[in-house]
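Take a look at the structures listed below.
Next come two complexes, and both contain chain A; in the first it sits with chain B, in the second with chain C.
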Partner chain A sequence: MTMDGGTLLHSLNLVYELATLALTTLGLAVVFGLLGVMNMAHGEFVMIGAYSVVAVQQWGLPTIAAFPLAIAVCAALGWVVERWLIRPLYRRPFDTLLATWALAMLMRKVVEAIWGKGFRNVDNALTVAVPIGDTSYPAYRLGLIALAIVLLAALSFWYRRSSAGLRVRAMTGNPILAQALGIDTQRLASRTFVVGVVFAGAAGVMLAPLIRVEPGIGVDYLLDGFFVLVVGGLGTLGGFAGGVGVIGGSQALVSSIAGQTSGYAVVLIISILFLWLKPDGIFSRR
Partner chain B sequence: MDRRQFLQSAAAASALGALPPVFAAGAVKVAVMIPQSGPGGLFGPSCKACAELAADTINARGGLLGQKIELLFADAGLAPAEAAQAALKLWKGSGAAAVIGMHDSAVRGALVNLFKGQVPYFYTPVYEGGECAKGTYINGETPQQQLQPVIPWIAAEHKPKKWYMIGNDYIWGRNTNAAAKGYIEKTGAQVVGDEYLPFTVDNFDASLARIRDSGADAVLVSLVGGASVGFNKAFASFGLAEKALRLGTLIEENTLAGIGLANAKNLYSSAGYFANITTPAATAFAGAYAKRFGPQAPALNGLAESTYEGFLMLEAVAKKAGALSVVKMDAACEGAAYSGPRGAVTMKSRHVEQDVYVADVGDKGFRIVKAFSRVSSGQTCQAAA
Partner chain C sequence: MRRLRGRSLWPAAALAAALVALPLVGNDFLAYQVALFLIYGIATQGVALCWGRLGFLPLGHALFFGLGAYLAGGTAKAGVAQPLWWLAFPLALLLPALLAWVVARLVFARRMRSGPYFSLITLAMTMLGFLAAQQWTGLTGGFNGMGDIPEPPGLERFSTLYWLVAAAAVASTAALGVLVGRPLGVLWRAIAQNEERLQLFGYATDRIKANAYALSALLAAGAGALFATHQGIVTPQAMSFVLATEFVIWAAVGGKASPLGALLGAVIVGYASAELRDHFATWEVFVGLLFIAVVRFLPEGLSGLAGMKVLRAARPRLAPVPAPPARAPRQVPALVYDNVRSSQGGVRILDGLSFRLEGPGIRAVIGPNGAGKTSAFNVLTGHLPVIGGRILAGGRDVTGQAAWRVARMGVGRKLQVPSVFAELTVRENLCVALWAGRLNAPAALRNAPHAWHTPLLDEMLGCFPELAASLDEPAGRLSQGHRQALEFVMTVLPEPHLLLLDEPCAGLSPAETHQMIQVIQRAVRRLNAAALLIEHDLAAVAALQGEVYVFHQGRMLAQGSLQAMQADVAVRAVYAGARK
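Our next item is the complex of A and B:
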């Protein structure tokens, strides 16, 4: 039996939603899961990524240059923020929350000061919709899905197999013991934070041609990220995948059947139920 | 320093400090409520510039009823209750004798309740219709105005058979689509879908799949701001722009900048003003704006320009009434007229009869493709009259 065009389209939409959700949430999951830092400015790093595309196109550079720019800006900013804002506040989660919220406001205002509050559009070379089966799908989205899969596979491989991944796991498992074994946890934490926000920035670059671009978009990605973490729990890739699947899947599915309002309501209800009944996430044994 | 001198300098110092500036005798204060924060905040700078240009223009020809206009600004991008507080300060605290408002309908509701017809209030942006409160004068385009001549014109040009209507789930989106339904059916076409999205939605895939399945060859987009940007970008990315034309009544210059010209194929916008209308009056206005605010001026758009129109209507009604009193202005406002950037504007039922322009999108932005003169607002306001 071949899939009819409608089913195929809905399946692709579902995969796309999961891919974008995974891309935008990954950095937040890394930072929250491994460092226990709720980075309220996470969405703003996605926003910086999107504005990197605006910037390179303004300067007449090829769009691909937005990747190195976003990575450089987010890494530098992430390093500074971890060193002088997050590090003094480790183990003070509420203070970290407030501090990163303030950082988010500051980042929005800086972008507003440079580019204004108005909407920006970025040019996209891959605008065609390619025919697949009985339907057609935007080529850029297909590329994005492929990229997301590769990126997630690489990350999970790195985390499980590399010695750096091992050290990160040691640090999160028992920071004091890890330090006693000669692991420089301070440096590792700094790198982990930088990696988390660089992921956010890279996601912003990739999404820029598909989304509205204005200084306030960060909040959208923060909220979705929250829901994924609530469902998925912290610190495991399996939990992260589960969270993305449950949140993205139910939103896409319910939206296409019963409309967007119901889709959003279902996400909220699921999140509330998880907070209430399974506060440590989908794979917790409590 | 003697006592008199001390008192004078103290008074001068306090006037310079906390109090609003002390004006020369014969000045009239006009409160301008525009969004300076929140989602509408991006229109703040252009609205403020248009208000300043309007005050300059009116002052240069002798002022409002012979008095120099002094502007007082407050933020209408706040929650309605807070915006009303800000308006109250300008009205009772600073003595504003008239109010110009370019903000959403929730704030308008709060201001109408606050003013209760005691101060003339000119509401200027595109809105859903139905406001008939005493002392409230509406310059903005209504759904009837933007659609009644435009849908038959689109029908004649493109002969769409199936329309899909999508909007944000609030009064403007719903009223606009409700008005459109009648005009669409009158052209012999059919409405094949009617959908309302909350403001939080930023993924339109489910709606786009429904639009595709419906076989629609025309889509009425009554989404606002960021939602309109996200929807139109995704719409084009699915290759739907070739299959169906789009019509929107709140796609102004900023929204189009977000959508991107490449994503705006077969997209039409209907409004009372576009920054590139080429009538002599509109060109003169744009020229004066550019001269006054320079190359860094916030870009002109229909919402900001409506603020300017509000001042022209205030001047016209005040002149006809001979005083800034609601009783006299309500009695005199019918037929008050002026000629401004939009063309000839005449007040009827405290709404306006005005020209409506249709634009499509070329490689330099909006292109006016059709103009309708003196279109009625479709509002009667008989119950309140």
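Our next item is the complex of A and C:
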């Protein structure tokens, strides 16, 4: 990439990085933040989303068909996983963590068995660049940024204002009381989990044209996602945005100064410090 | 004693026999291949120690494995030129262990239930280590690895080195097998079950956890050092996320509660994977399914299925020996609450609580729900933040101190919901309490403390014959009443001189209540202690015959004899619901 756009290009890149981070983390924020399930297979749902683009292009279908495919696959898989793997293990955090980790492994291996270990690039039809000021920026990336903002706003609105959001909050706050009030927490938890992994899958579809699609990509999304949630704390949009800002921002900043590896190292160090000193997030009072 | 050792050593003995037979039945190459997974198995035992025994999961043990491998490899290479370098070889094991200890001390000292956070920290540290190993090419050889690591003097990589690895695997299995039966091993299991209870006895659980984590890192680093000499090359893969994951999988599949199970998990799953990976494309899908099935249905892994758990109830009786004297101070620590305020989630819980307690005797604490009775205990034992005022015990400011520090000043606490170590036997529960303040580091590694007795223990068991009759039952199987009795006995065993008893008669029948009150009076007299006892049942309070403290809305409302309190206008107003 040339440095010609100056500051504008830089800030657009930064916003783009933050938007992708927000997109891939959103599903985890729902599952981990609302259900308290440390879903170690989160990144693999993103990966499945990306591979559904590979699949539809292989079958000669239009790329947009990857959306329904990813949503269907992730929703079905998420429902089964929640029902048979996670539901029996609520309140056993380590076991949930391990079970989903095992699931992640399984998903990777299945994808490897079908498409092989190598990476695949997917074709991107939307390579048009949009002129902005005295520079230009890929339309696809701009669309992604807009989508991330819309999704965040919609999710936050739904969580705060809708009655389903209220029920979810009741369940998160006190599951037993929620049950006593006639809320079917099992069904609600199942739906919440499905929504979370569908978000992850959809993020994977959107990112597919921009990344190297390979079976092992999930881990990075998972860890970045966890770090965002650790830094930001759970359950608030402000915290989520703060976490995305701190993790994505410091990674982008340090990477541009001292290289990709240093950027990643700084993210790890920030995360360790937060896990150690402020595990409830940046806005916690403790 | 010999019989005892034999029991905890049989897994190691069986392993030794199998490992001696292996090169004879198979060949040197098979032995060479198996040695690699024995090495991984030793590191897996470290993971299983933390996870299966102490209940926290180290997700990043490859960090210590890799550090041990790089340090050992570097030292061995330097030793070729200058043999003095071999003197530094132990550091390859000790430095990773030291790092683990420092990290665990820092993390665990901050909060008790840091479980999943600790796991993620170790994971992030491993990823940092992996980055460092890749970047510091000058030291580590970067992506291509540190090669040409020499064999240890006198050993040949493809034949005799096997025996060193086999000996190390047998040694670690034997050492862990012995340790888990010792008092330290009992404390490890107690931490996994109820760390808070252990702190209330005065155990610095964060230190016990840090030491255990350092031990597990030592195992991993030792395995790493063997790995370096076995492979002759160390690449960043030895410090990778993937390897850390595999340690956890092997421990889960083999059995996290059993040292031998964890080792065999690594050997069998690891070796089978290495062999079958190339023949069956779906092999790893199968391993994934196996792992899921184990986590879901076999929490103790395959060794739990095979009944390979270390025998614990079968511990033979040792002749009782008198326990050493308790270290707790010998007189009642004067307790002063000076305008103590506490709140949580915006709710004022204690609102300027002040009182002064000196000298032995029982004081009953009464007051309506929400008066701050239990909270008054909680601020003393560090369970609630103090936002104003201070608390003195024995003349020292203990405001905001950790539970175990307060306990060491001679403060014993019984919790409102009887809190025992459900999966330990009644006998082990009593031991854990008796050891508090008496067990020093060398004693924690010996068998003798299992046989410790004190006159108070015998007297208390005499008072509660039903406990004496179920010494070898898991405490979780006791009824509510017996659990209350057990926790009370446990509370007095460290011989504290200030007892905080939170509704010791809750859930008891009138007869049991009567019995409990008598035992409490007896124990308090015997220890010449002071007791603060929360009680709702005024008949029980009357039976106690001590001074009564009435709490209301986070403050001391009145204090005096029960008769005086029953006559007190303010107290009557609170209980009868008059306007205040």
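The rule is short, and it goes like this: the second predicted complex is superposed on the first by the 281 of 286 C-alpha atoms of A that agree within 3 Å, B and C clash if a C-alpha of one lies under 4 Å from a C-alpha of the other, contacts with A are read in each partner's own complex, and residues count from 1 in each chain.
The rule is simple: contacts are C-beta pairs under 8 Å (C-beta built on N, C-alpha and C of every residue); 3 or more make two chains touch, one makes a residue touch a chain.
A quick note: this is a predicted structure, and the numbers were derived from the prediction, not measured.
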Partner chain(s) touched by A:Val128 [first = chain B, second = chain C, both, neither]: first
First, second, both or neither for A:Leu23, with chain B first and chain C second: neither
Chain B versus chain C as contact partner of A:Val213, first or second or both or neither: first
Contacts of A:Tyr264 with chain B and chain C, given as first, second, both or neither: both
Partner chain(s) touched by A:Val56 [first = chain B, second = chain C, both, neither]: neither
Partner chain in contact with A:Pro279 - chain B first, chain C second, else both or neither: second
Chain B versus chain C as contact partner of A:Val228, first or second or both or neither: neither
Which superposed partner A:Ala99 touches (first chain B, second chain C, both, neither): second
Touched partner set for A:Arg120, first chain B, second chain C, both or neither: first
Residues of chain A at both interfaces, chain B in one complex, chain C in the other: 261, 264
Chain B contact footprint on chain A (complex, rising order): 6, 9-10, 13, 16-17, 116-124, 127-129, 136-138, 140-141, 209-214, 216-217, 220, 251-252, 255-256, 259-261, 263-264
Touching residues (chain side chain C, partner chain A) in the complex: 51, 57, 106-107, 110-111, 114-117, 119-121, 123-125, 127-128, 131, 134-135, 241, 245, 248-249, 252, 281-282, 284-285, 287-289, 291-292, 295-296, 299
Of all residues in chain B, those that touch chain A in their complex: 39, 41-42, 169, 195, 197-198, 200-203, 205-207, 209, 212-213, 226, 229-230, 233-234, 236-239, 254-255, 257-263, 298-299
Footprint of chain C on chain A - complex, ascending: 38, 85, 88-89, 93-95, 97-99, 101-103, 105-106, 109-110, 112-113, 219, 223, 226-227, 230, 261, 264-265, 268-269, 271-272, 275-277, 279
